[in-house]
Amino acid sequence: MDWLRFGRRPIITTALVAAAVVVAVVTTSTVRDGVAVSIALAVAIAGVATLTSKGIRATHPALARAALTVTAVDVALFATYFFSATTNFNLAIGAAMSIVLLGLSFLTGASGQISLGNGAFMGVGALIMAIWANHHATTPIAITLLIAVVGGAFVGLLLGLPATRLRGPYLAGMTLAFAVAFTGIVNTFSSWTGGDAGLQLPSAAPAPHWLVSFFSAQTSLFTTGTMWLTDITIVVTGVAFFFMANLFASRTGRAMRLIRDNDVAAELVGVSLPRARVIAFIVSSAYAALGGALWTLINNSVSPPTYSFALSVTILSLIVIGGIGTIPGALIGGLIYAYSTNVISWITTQTGLNPQGNFASQLNGIIFGGLLIVTMLFAPMGIAGAVRRLWVHRRTKTALE
Amino acid sequence: MDPFLTSRIVSDILGGLTNGVIYGLVALSLVLIWRSTGILNFAQGAMPMIATYIGMVVFAHEFSYWPCVAISLVVGFAIGGGTERLLVRHLYGKPEINPIVVMVGFLIVLEGVAAAVWSTEPRGIVNPFSPIDFQLGGKPIAMSAFSLYEVITAMVVMTLVAVLFRYTKLGLQLRASALAPEVSRLLGVRVSRMLTLGWVLSMGVGTITTILVASNFFTGLTPQVMDGIFAFGFIAAAVGGLDSPVGAIISGICIGIILQFVGDFLNSNYIILVALGILIVSLMVRPNGLFTKSSVRRV
Amino acid sequence: MIVVEGLSVSFGAVQALRDVSFEAQTGKITAVLGSNGAGKTTLLRTISGLKEPASGSVMLNERSLLHVKPENIARLGVGHVPEGRGVIGEFTVEENLRLGAMMAKVNLSAGLEEQYERFPVLGERRKQHAAKLSGGERQMLAMARALIAQPSVLLLDEPSLGLAPLVTSQLMHSIHDLCATKNLTVILVEQNASTALRISDHAVVLHLGSVVANDVASKIAADEDLRRYYLGMVE
């Protein structure tokens, strides 16, 4: 009787799922909505049940990560149903940003290097997305996203070739040069990229047929307005985080962390430095490109001046504040980004600044730059690091008592 | 040779030289800080930009060009020394990304503050040098009184720095502090003062560079005036080798001239691409720079 | 004269020196002996201010050196020739010497002449980069660089390390002569005990950070147990 070992957990889980289905059927007006809501609730309950099982993190870490991802994505998807269109838009922009942050976090966490050009890599992905959509309107979104990722990885490889032999400041400087150059490069190929004006997607991207046909026109869930864009972004974000969490935990990830801590020692135990550095850089570029491609999808257009050096610095600030080298740090940074505009305009009104004035328009840069300095000096691992330290501190304290 | 082509080539060389000495100066100022404190200063464009605003804009009503230059320089020195003492000092011995991140943050804060105070509108700086090209046999050549002033000032600054480092007691101490700080302390060198002085000197070079750039009739002073030039200066420093002041200057001038030819014969949009290409190729061939004796990094 | 009293130094949890006390007299050579890890280098680094002690005191002619920065201790006349000589390889021989003369109040060219006279080979190679010198020449340069500042105290950390026996004995001779003619206080850290004891007046033996013997050099040299257990001098 295997299930006895787990105590009453499976029974409780089953009961909860059943209750959830009943609640869903009672509260929703159409059958398909009811099905969708029950699926969402059931998945969440099953995920939480898996996560809270004793010892699962130690024995099946990949399964635990999968359960965590599925639960988080499921809850987020469900939440979009209740959010306003503005909130969903902000959420989508922030989620895509968190993918970019995750890539940078990996680069630094794994190799101790830093890139000041991830805004430009986002731009690469964003442009590829738009260009491809303009030439091949029928390609499924997933494929177009993949093409953008591959394109980002390829540009990362081009720039990353010398990175095999480079230490921090050189790579940072080189990526800075790329970020500063990006707008110029876009203009060089303006027949493709549309120059500063950028590109529009041929038509507002329609929701995929299978999604529409499953829920059909009778339901508002998933297919209304732009909500499905947010949902797609959330799913992609979940996949990106799941992949990265596994990469962090894998042998490659461990080897890369060794490089960050002591590259000479890493080389001595047989880690190939050049390969690991280039891989870390390519992964970070590919993630940035994915984030940029999603932005194009969400905005239905791409405007190259967005992907300026300032964006690269914002990306750096967000991940440093969130916690560089950590996975939760990327999520925190993405959330901050989703609401930073609101917060800053709130500060502007609270302090009585002229919103059209010089100072108000520079507030964003001054605040992010200042936070960048303060975080690096006083809490180099950002919010995620500080929380983790508090947590560990409390646990050891309780353990001691 | 075709006389038209000849004059075009001469023009490119002269124009490239004018840009190149500026890149060389930025590269030199980066090398000064890199050698003394092992930090690549990403705020190397923004710090002197503030000094230039204070000297050349705030005081422009009261004083003429030269006193304003002197005021900018003094402010630049103070910003350099103050930054090293108050901000950079906390970063020695930290992982190498920490100073990078902090200096990028500083760059953004400084540019933001400058734009908040003085707006992003370009400010022309009235100076005694005409921007109109000289005529040679009835044709303009790419050299004006102003660009002559740029080139000569740059040469003088480079020579002064070289003399200081090569032939003076102070230069000897600066070099020793960079190469062997502990041994230098045992010999009575006040190393911590030398580190500050390295930043002060670098800001001196940076401020002169920024004044030269901003005095240009066609550029003017904006908060982000040095962003692009910083990128070219970094490329020059990285190509020449961050350890080598001579390499920085030479590669700065070479890059300036090459890019002028690219802009003239190909397309000015290709300039930045070619510059990036030069950087990537040279880093692949000689990762430590073309002008440094290759050395093994210690654990 | 250097007086060390009750000196304790630790690196985190590791105690490198425990309650070390001894005197180094003016005009005499005091050898500090002991095996690897005995704390000899830490002792010198503490005297010259590179390492803060946890407790105890270091006095230079009645003046406390505690909390004085290394560059100021150097300016008080303490010359420290560090482990591995500390010659700046990127500098020429003459630049190394000029750096040494920086804080001295002496005339530079007279100082250089004096050192070139004492170590003629340095005079011959004055324009060469120090990286090109041999081990013995580097040691000479390091000594000359310390001496050009006219110190009253000379701290020598393993000067014989890596040198051929003949070179070592010449070096020890010049240390002995210098000490006598310049009336220096010399503290000589050596692993090579027999060579050091030959020219020293006094010797301190360290073991795992503690003083196990502190006596006239000839007595230490004659003590069988010390020789065997702490100095590794087995016949």
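First chain written, first letter: the chains are A, B and C, and each begins at residue 1.
Basically, a residue touches a chain if its C-beta (ideal position, glycine included) is under 8 Å from a C-beta of that chain, and two chains touch if they have at least 3 such contacts.
In this text the structure is predicted, and so the values were computed from the model without any measurement.
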{"item": "Arrangement of touching chains [line / ring / star / complete / other]", "value": "line"}
{"item": "Best-connected chain pair, where connection means C-beta pairs in contact", "value": "A-B"}
{"item": "Label of the chain whose CA centroid is most distant from the centroid of chain C", "value": "A"}
{"item": "Centroid spacing, where centroids are CA-atom means, of chain A and chain B in whole angstrom", "value": "37"}
{"item": "Chain B and chain C, separation of their C-alpha mean positions in angstrom", "value": "44"}
{"item": "Centre distance in Å when chain A and chain C are each reduced to the mean of their C-alpha atoms", "value": "59"}
{"item": "Overlap residues in chain B, where contacts from two or more other chains coincide", "value": "none"}
{"item": "Where chain A touches two or more other chains, by residue", "value": "none"}
{"item": "Contacts with 2+ other chains: residues of chain C", "value": "none"}
{"item": "Residues of chain A touching chain B in the complex", "value": "108, 112-114, 116, 158-159, 161-162, 165-170, 172-174, 176-178, 180-181, 184-185, 187-188, 262, 264-265, 309-310, 313, 316-317, 320, 324, 358-359, 361-366, 368-373, 376-377, 380"}
{"item": "Interfacial residue positions of chain B with respect to chain A in the complex", "value": "34, 39-40, 42, 87, 90, 94-98, 100-102, 104-109, 111-113, 115-117, 119, 227-228, 230-231, 234-235, 238, 242, 267, 269-273, 275-276, 279-280, 283-284, 287, 297, 299"}
{"item": "Residue numbers on chain C that touch chain B, as the complex places them", "value": "48, 50, 69-72, 74-75, 80, 82, 86, 88, 90-91, 95, 98-100, 102-103, 145-146, 149"}
{"item": "Interface residues, chain B side, partner chain C - complex", "value": "169, 172-173, 175-176, 179-180, 182-191"}
